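Okay, got some structures for you below.
One chain, chain A, links the two complexes that follow: it is found with chain B in the first and with chain C in the second.
Our next item is the complex of A and B:
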């Protein structure tokens, strides 16, 4: 056993768990039998003879996934678009709302972190606005903006702004006095100090905030799209539920997980790039 | 003294004591430093050494009094006054070399990138850092190497006045010895004026032209200015043979052990200026202006 590295052992365990899980799922579903034998007329009328809509086994989900992923970008009308198109819409909304939030949160966070007056003045607003569920903004956004697409983006904006704002402020306020003194004794201008000393010093904290934000934004977009409808992965899940196509529902749930993981991994990469050891 | 390169005039620092009154760290402290001089300041914790250092660096403002350099009153931090901090203060996300070029580029904004880099490498080389080590991050360097980078950064900027705030305080004794010698090597051959805080008597004797002694706080003052009458170049192992070494050392030990407390806490009368008394101890044939403090060990 010592010949196999820890990572390899973990990978073997992961594969084994996956296999066992899928087998249990597969066999627990195929034992559900369709009613057979003599049926009364009443039973025939109420549909007892047809297969009950049930949770599909993993084999069916795999077939569905293969089918969808081999042609992800087809567009056959408003209710029939490829999974790639749906996810594309969701990512577009998430990134638009998210970067608008970053554009405001990071400079504002700098201000709050550098000036305790600004922090004290803005803190009550932040504390009240932060715990509001982003979806609670939806009716107001729909009424004011009058556009469901822009409202969804606004909801993403409002939910991803807080972790970035607070982490930027926290990171900037926590920059070691010594490093700021180094900048002062080298007569750096305020802008130069902000970019060459404060920003790199606070970067790990800022990027952590950005990583938390993108995670929240991806959680919220699914719910937001279920409400506004039209396109997107959230709408897709809800639409397939209305179609009672549970295979597609399970497949899209998995896709939401995979995309969320990739978004997080991208920020994890950035986080490692800006990290430093004191 | 008024014509000295650096003159500290009637410097006073008071803090509110939290009870509505004022706590005076030091009052009417005055002394001067000549160009090219290496001056160490010795004193117990709390006597305001670091406060004086921060005022000279321009990082804090005195309650009253002025500091003049080259006849000009200083205000705020400046590239003319370089600082080596006790905790190195290297930027941890930059390599050793980049930490030095950071300073050099700020000091000489007209230089090309190549000039800045060559200049920085030359100074890192002077403190014994070259090759692969200069591309490492501070976290990958030992404490001694980090402080070498910090010293290289300060010297590379060629400031008019170099301020060293207990630069070797966090190092072990052996590393300290090596870096002290490197500091002497970098310093000799320049006309760099250096003002250094230290707790270490032997370090002060090895490095300084003159040692300023501070009494204990509050109401601390610079009581004496002791000339180090040991010729340069100095080597640690040789200076202990010099007859002046133990005479000076004992004077310093007596001051810090006894007289710093006895002289402490005397408020100045009528705003009198506290100029330090100059002490010259020379047993190599010159006159001795302070009482010999060598005492025979009674057995």
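Our next item is the complex of A and C:
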């Protein structure tokens, strides 16, 4: 008998788990007793004729997802936009804050990695600032920056800077001494050494830092937008929570997961491109 | 904003440009606490005078100051008045509104029925009627509404009636002069308890309860404190009061984080609709006709964009009057329920606005004035709020109750617009109020604070 490849078996298992999970979920949600027939005024006012807010079965989530995804870019006013527009806003904020952070973290990380004095001088600050929850910056940011959009971007900036900074420093410091020495015997300038020897050698570690950062940034944006409101996927969750519409909340949770996975996959691709075998 | 630009234009010592070496009083003492107590009408007047004088002197401040030095300010004022009727110009700012200086406006709101006039003015076209293209922007909570107003992202905003007072005083905020030319709703709040407390209808049984209120500087906080204190509970000791944004009240009540809340609708009615809680009392039973939410803007908005301010105030007051007519309430409910506005089931909104509602105890109540809309900002209401802020330790020391209330609650602006639009406006700015059987005399605020046995030390 021909053995099925490991990948195929894993895929079959995944599908089976999903199916079982969805079935258990579907049948564990008891259908609500919706009163029928003549309703008293009191029953009408307390919504006896309609379903109460509750956890929906997966079939309802699929219907909701179909509705939302078939028209993702509608714009019905400043507080009601399609899911595509909301995700677009979130990605824009994440990428802006993220690239600003990269712009600072990578050169600074290089400096710290190449000079042990700079490393020791900056380390205490990094260690204090790194564990601060990014959302703790929000009130301060709102007060000082006086702009909610820029504050959200700042929060992304501050949370994504640390993994990139530390990984760059770590990667640069870990470049093999021999390679730098070879560069020196070829009389390469410091700049040229940095770009042609150190950078490619440290690239896998740096990109790993960038990959961790984008993951954190995506985690934080949802919370930041729930706080500030206006637009974005976080606002969408908050707005549906207002209405206790759990179907939409679950749908948006899934969307957050999918987008996060795509962002991570993009950096995974870059990571494979810069990897090398010694 | 600073009030520096409102220096006396008839003095040789003031520099209307306020450069570095300006010797005027407000520049010398940069804090200028006395200046900020100028009533807003005075400020408006001085802004107009200043503009006229500056235009006469072709914006050459040196020329103006040497002229004032030579002939004296009074003479100059008289001379100028003879050719330019200053007194008429002062009134003209509100009498004949010109075209709005700025038509695209952002107005913040928190998604609650108190904001009904501000919200409905968009779908029902009240902003448009007065030449404005205003967007109403949903805000997650009051702290964010405050910060977005202070940062200028919102031109004007829906606020709780105590907020502009607190912001002007710098209590829990940066001090920035705010004005509140119109109240939105009166009544319209309720105390909701979780269903497990059906047998605890007597507030003296509430020791150890956790209550939610939407914001520290809210009527909700002050009314809840007043109410439990009347039943002998010290709100700072015997119960816990937690700030919870209105939209999160129902979820917290269901999760058991709160035993009850005094919150804006639709979240009281939503708790009943979801079968989680019941309406213990409506706040109108605490104080019949109490103010709740308001329309507020920074003072600089009114002075820098007087025509826009006038047009906006007109649309708000017109919408508020429209909402006060019970016949319009069903139409309004449908206009403000969609996702773009309140994002709530229409039946819930309708029960709030029409006052025919299920109380969660098995009865249908009919209280047409469960929520009502009345734009007039009684200054006595402002004084009452300040007495409660003093009572519970939110502000300390000597409080200029009337001065602050008159600076922030622009009763005369509201009266003017109401009269222009053909509505009846009260002739007085002060009246006495009756709160849980105890009368409040706005002329004796300090004595009123002292009359309570339970208060912060």
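The rule we apply is simple: the second predicted complex is superposed on the first by the 255 of 278 C-alpha atoms of A that agree within 3 Å, B and C clash if a C-alpha of one lies under 4 Å from a C-alpha of the other, contacts with A are read in each partner's own complex, and residues count from 1 in each chain.
Definition applied: a residue touches a chain if its C-beta (ideal position, glycine included) is under 8 Å from a C-beta of that chain, and two chains touch if they have at least 3 such contacts.
Not measured: the values here are computed from a predicted model.
**Student:** Going by the contact rule set out at the top, does A:189 touch chain B (first), chain C (second), both, or neither?
**Tutor:** neither
**Student:** Once chain A of both complexes is superposed, is A:276 in touch with chain B (first), chain C (second), both, or neither?
**Tutor:** So A:276 only meets chain B here.
**Student:** Using the touch criterion from the header, give the chain among chain B and chain C with more contacted residues in chain A.
**Tutor:** Residues of chain A touched, chain B against chain C: more for C.
**Student:** Scan A:42 for contacts with chain B and chain C and give back first, second, both or neither.
**Tutor:** After superposition on chain A, A:42 lies in contact with chain C alone.
**Student:** Applying the touch criterion given at the start, work out whether A:239 contacts chain B, chain C, both or neither, answering first, second, both or neither.
**Tutor:** second
**Student:** In the superposed arrangement, does A:181 touch chain B (first), chain C (second), both or neither?
**Tutor:** Touch status of A:181: first partner only.
**Student:** Across the complex, what residues on chain A touch chain C?
**Tutor:** Going by the criterion above, the answer is residues 41-42, 44-47, 50, 52-53, 76-80, 139, 142-143, 146-148, 226-230, 235, 238-244.
**Student:** Which chain C residues qualify as touching chain A in the complex?
**Tutor:** For this pair, the touching residues of chain C are 111, 135-140, 143-144, 147-148, 150-153, 174, 247-248, 250-251, 270, 272-275, 338-341, 343-345, 347, 351, 356-358, 360, 362-364.
**Student:** Report the residues of chain B in contact with chain A in the complex, numbered from low to high.
**Tutor:** Interface residues on the chain B side: 57-59, 77-79, 81-83, 85, 87, 89, 91-93, 102-103, 106-107, 137, 139, 157.
**Student:** Applying the document's contact rule, which stretches of chain A touch chain B when the two form their complex?
**Tutor:** 178-179, 181-182, 184-188, 196-197, 200-201, 203, 274, 276-278
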